[in-house]
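Chains here go by letter, A, B, C, D, E and F, matching the order in which they are written, and residues are numbered from 1 within each.
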């Protein structure tokens, strides 16, 4: 706690004029371009690794970077995405898992959930990863099994994301794009899900061909009369 | 999206040896000391303003820095706090609101929620702020009303936090402390709730007397035999 | 009621020896190949229009051929699909909407739901159709609007279906296929959703090329040793 | 799947002029007289065994012909019944169980539910059958036990049905009647619950005395003008 | 508050030896014969009007003497009845409404619920009364309408009570009996629901013929070997 | 049952003129000063031990004197408290546990809950007591353990009570006070929770210093102009 307070004191004393200006400008509104959904894990620092400035990323974090589907009982994630898409007009939503994730390890080893009934209930939203791996890679354990779970969890959460009406409506005309990524802490690498190939590929491929998990648009955007809205 | 990808590319190219070492060390575990619960707002960047290193803060972010109470239906926040307290043995939990918060503005002006049913349902967890201000400061509007709502929301979420069994159990012997803060974006200032005075006071008071919202411990910690647990 | 009783009496008296044999054989088990999810509407009679025999179709019917997604609160549909996939080893799941559907008309004209709070709450699971059409075809009303809603509802329910862990696990290796159809009562025609083209095409195209809504398999089926399971 | 498509092709080619007329007439509306709630089991084909025409039966099917009671969380069945009674002005509701039902077998042998958590949760709505039989026929197993469970499940679902406000309101003046039946697949026989005798009796008794599970009406139908009801 | 404390002080000083003995005997267990479910209203004092001694009545009180049906979400009433029937082996359950009930008045005049969203949501469990009266006595207002609502609420809660598995199991063999009463505060009179007549009759009829709302038992009690349990 | 009916008959015959007058006056309204929340246990008779008159106590009783927190799913207790505070303008709310409570014994010995799934689910709202005692007094069993559980349950329910918006709003200006008591059946004694000392103290201390569990008011009551509302 002292570290935080000292850190904040230090930050205030050493703010640049530029930072002061930025915060003053931001004081009355935000216009982020991307919603970033990731794990609460202390080793995942999205703003740092992307060099994002204040005002750029609308950041949702929970245990396991989970997006419950759209159901009668509203979760905080669903509410946040609705807000991001309808009020903030987000252009992109990224769901980003990571290596060595405690939530994924708990999926692999349910005994770790003893005495943690709320976590166990929450991870029901990651059942899909558990089922897909158990059915299709039943003999794979350890590191490789954990990687499969982490990947299938991102794939499954993308499916959940597609059930949100506001997301479906915006994706149907291409105005919103969704992405499923995994951040490897040790290697400082990111892979992205490519539905065409059905696998994760490096985000930085060098060829500018960035994988994207958005389904095909079924509607062209509202007729482009003479304006460029 | 391109900005993020370029940012990540830049980050990777310019990592220091120190950073590489840190990430390598962190690759197989985290030992954060503080759980930080704040808003998804793009202008709130906890790691930046506290100068926190990777591995220090377990960060939960949602719309309105809300903690639903412990009920039959488990929320992601409740699961995350259970994990933070029982698995990660967190010493501190901070609930941090902020100025110009879209969620608080929506409490003040419910018309803004039209077409956002999930946000409206989610903000039921902030009803307490709305009720307290409507009952006790019915004539106050605008900026001042927003400040009251923001403060009362933090106070109310602290109350919700106290209903979590794992939190109550750890607070009862003093091993966990809870804090309610508000970050002012324009002024780069933080105030903290002081239950003894029933109001928010500056975090950086200069006298080292930091407000703390933890109720009195009712149990001494397990008898301190001869060990230094 | 008398008609039903007389009908049953008539059916019993005129059963063929073949039918008797069939029922005797079926008395201790079912092995349907397809789960058919359709509306409770009295004009939709799947067994009749497909000439299905007893024992062929596992038939789920509700208002609006809706499949709630996989969430903490289990619906009857989710339970039935889990049973169909894990216990009955279904090879296909069809979600079949229909023309002139009362549920779709209610989406189009919410005033019709006055005094029907349970139907209104149930149709929350069809919000996705409402949102997609409102966002992308805001000016289209009447017959054409109803057709869009009916199509988008089937597309949305297919998305919900994909969130079921047992479904995702079986689709991931190609052992289960899913289909989205619409039955036109007046024309006795069926169209099927083709995700590649993003539109509904006639089921009976004559070229044997039947549209299929299953996502690409990501896992090859368990190694095909020497057997033909 | 091919069988279905061929079956539909065959049906279209061989439609009679009468059928074409009927479908044309039905294209813009339905006026069914009876809501029929039965199991999704592939061997139960209500339209076939009652010789019902398109437009006659509003058919709800789920696993175990279950009707959850009227509670805060609305199920698809409750919504469908509300629609049937208030919009379609149904005169009769039949809940129809059947012999060799997989859901009833699962009640008898809970071990069969391993790996089927959604089915297990769904069958909570059939707890009443399990409790009644366990308490009153604890030593009866096998076929006879299954028959008791099947009967008590129908009795219990009739009780649930009575909790729906729209059903209670219509039954209270006799304008809606409810029925609990069991269909024996092997014998092609139906028995109906007779609350006066507290047991199931053959539907086709020959004496025209058909059992009916509706409670006594407490209100005469809307007051006949000049009287002082 | 002072009145309560003084009242308690007075009670302690004036306890009789008999009362002291009774409380000493009761200190380690209760064996009530009847569960009494009534309204929280301050004018309803069941122990007083029945002259019940400590240890006789297991008393559940809430707003509107409501019994939610048995559903996935467990209410406190359902839990209490389960406890009463399975642990305390209750012989009778009484649901007792009363005249001038605030909850019933709110059913009659929904405007009274403005600003009371939780009460409004809770009274959904009394929808049945509202529907039955609206459908069958639409023109009756005022006192008489309130009486109808109060009666139909008791009838509806009896229906809910019948959905509890433990209740159904015990009623099925006659070991538990259920009763629906209404207490008139001004007249100090009680009427009881008689399902055979479909109306409420005076509890104290003088002829010893007490109305009882229990459905016919379908199972004889476990064979009465040689003991008299 | 006969005892109740005879008791009521006796009560009616022996009513005093004063009682008749009181009931007549109360026939059209109640103005209780205190909401009393206690266990359904047959040995707890609040009106008797406080010598309360009809019209004084608004009495809520359930298993374990539990107050679920304010969440999306409304419980009967939450609705009742909302009614008590906003409609009846209650000045005090007392949560009163008691010795030898079956619910607390079940917390101590979960095996007692076998076959009582609804009670088990209900007691989730008392998890906090279980956790606090397990964490802080892990080695204490029997009578003393039961006393700790009973006390911590009252403390935990007070925390739940604080989450109700209407309660928080009224406590914030001191117009509502809350109290946590425990009634010892054998000793006819009451202890009250004193948050300042973090322990339960005798209610009748003789010095007029009655413990009170209300948090400090943060708002002065609406400015006391010249009137005495």
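In this text, contacts are C-beta pairs under 8 Å (C-beta built on N, C-alpha and C of every residue); 3 or more make two chains touch, one makes a residue touch a chain.
Just so it is clear, the model here is predicted, and its values are computed rather than measured.
The chain pair E-F and the chain pair D-E differ in C-beta contact count, and the higher one is E-F.
When the CA atoms of chain A are superposed on chain D, the rotation angle comes to 120 degrees (nearest 5).
If you average the Cα atoms of chain A and of chain B, the two centres end up 20 Å apart. One simple way to say how far apart two chains are is to compare their mean CA positions; for chain D and chain E this gives 31 Å.
Residue positions of chain F with contacts to 2 or more other chains are 68, 70, 72-74, 121.
Chain D makes touch with chain C in their complex at residues 1, 3-5, 7-12, 15, 20, 23-24, 26-30, 32-35, 40-43, 45, 47-52, 54-63, 66, 68, 70, 73-80, 82-84, 86-87, 91-92, 94, 99-100, 102, 112, 115-119, 121-123, 177, 179, 185-186, 188, 190, 203-204, 210. The touching residues of chain B, when paired with chain F in their complex, are 68-73, 121, 124-125, 127-128, 130-132, 134-137, 155-156, 159-160, 162-166, 168-170, 172-173, 195-196, 198-199, 215-219, 222.
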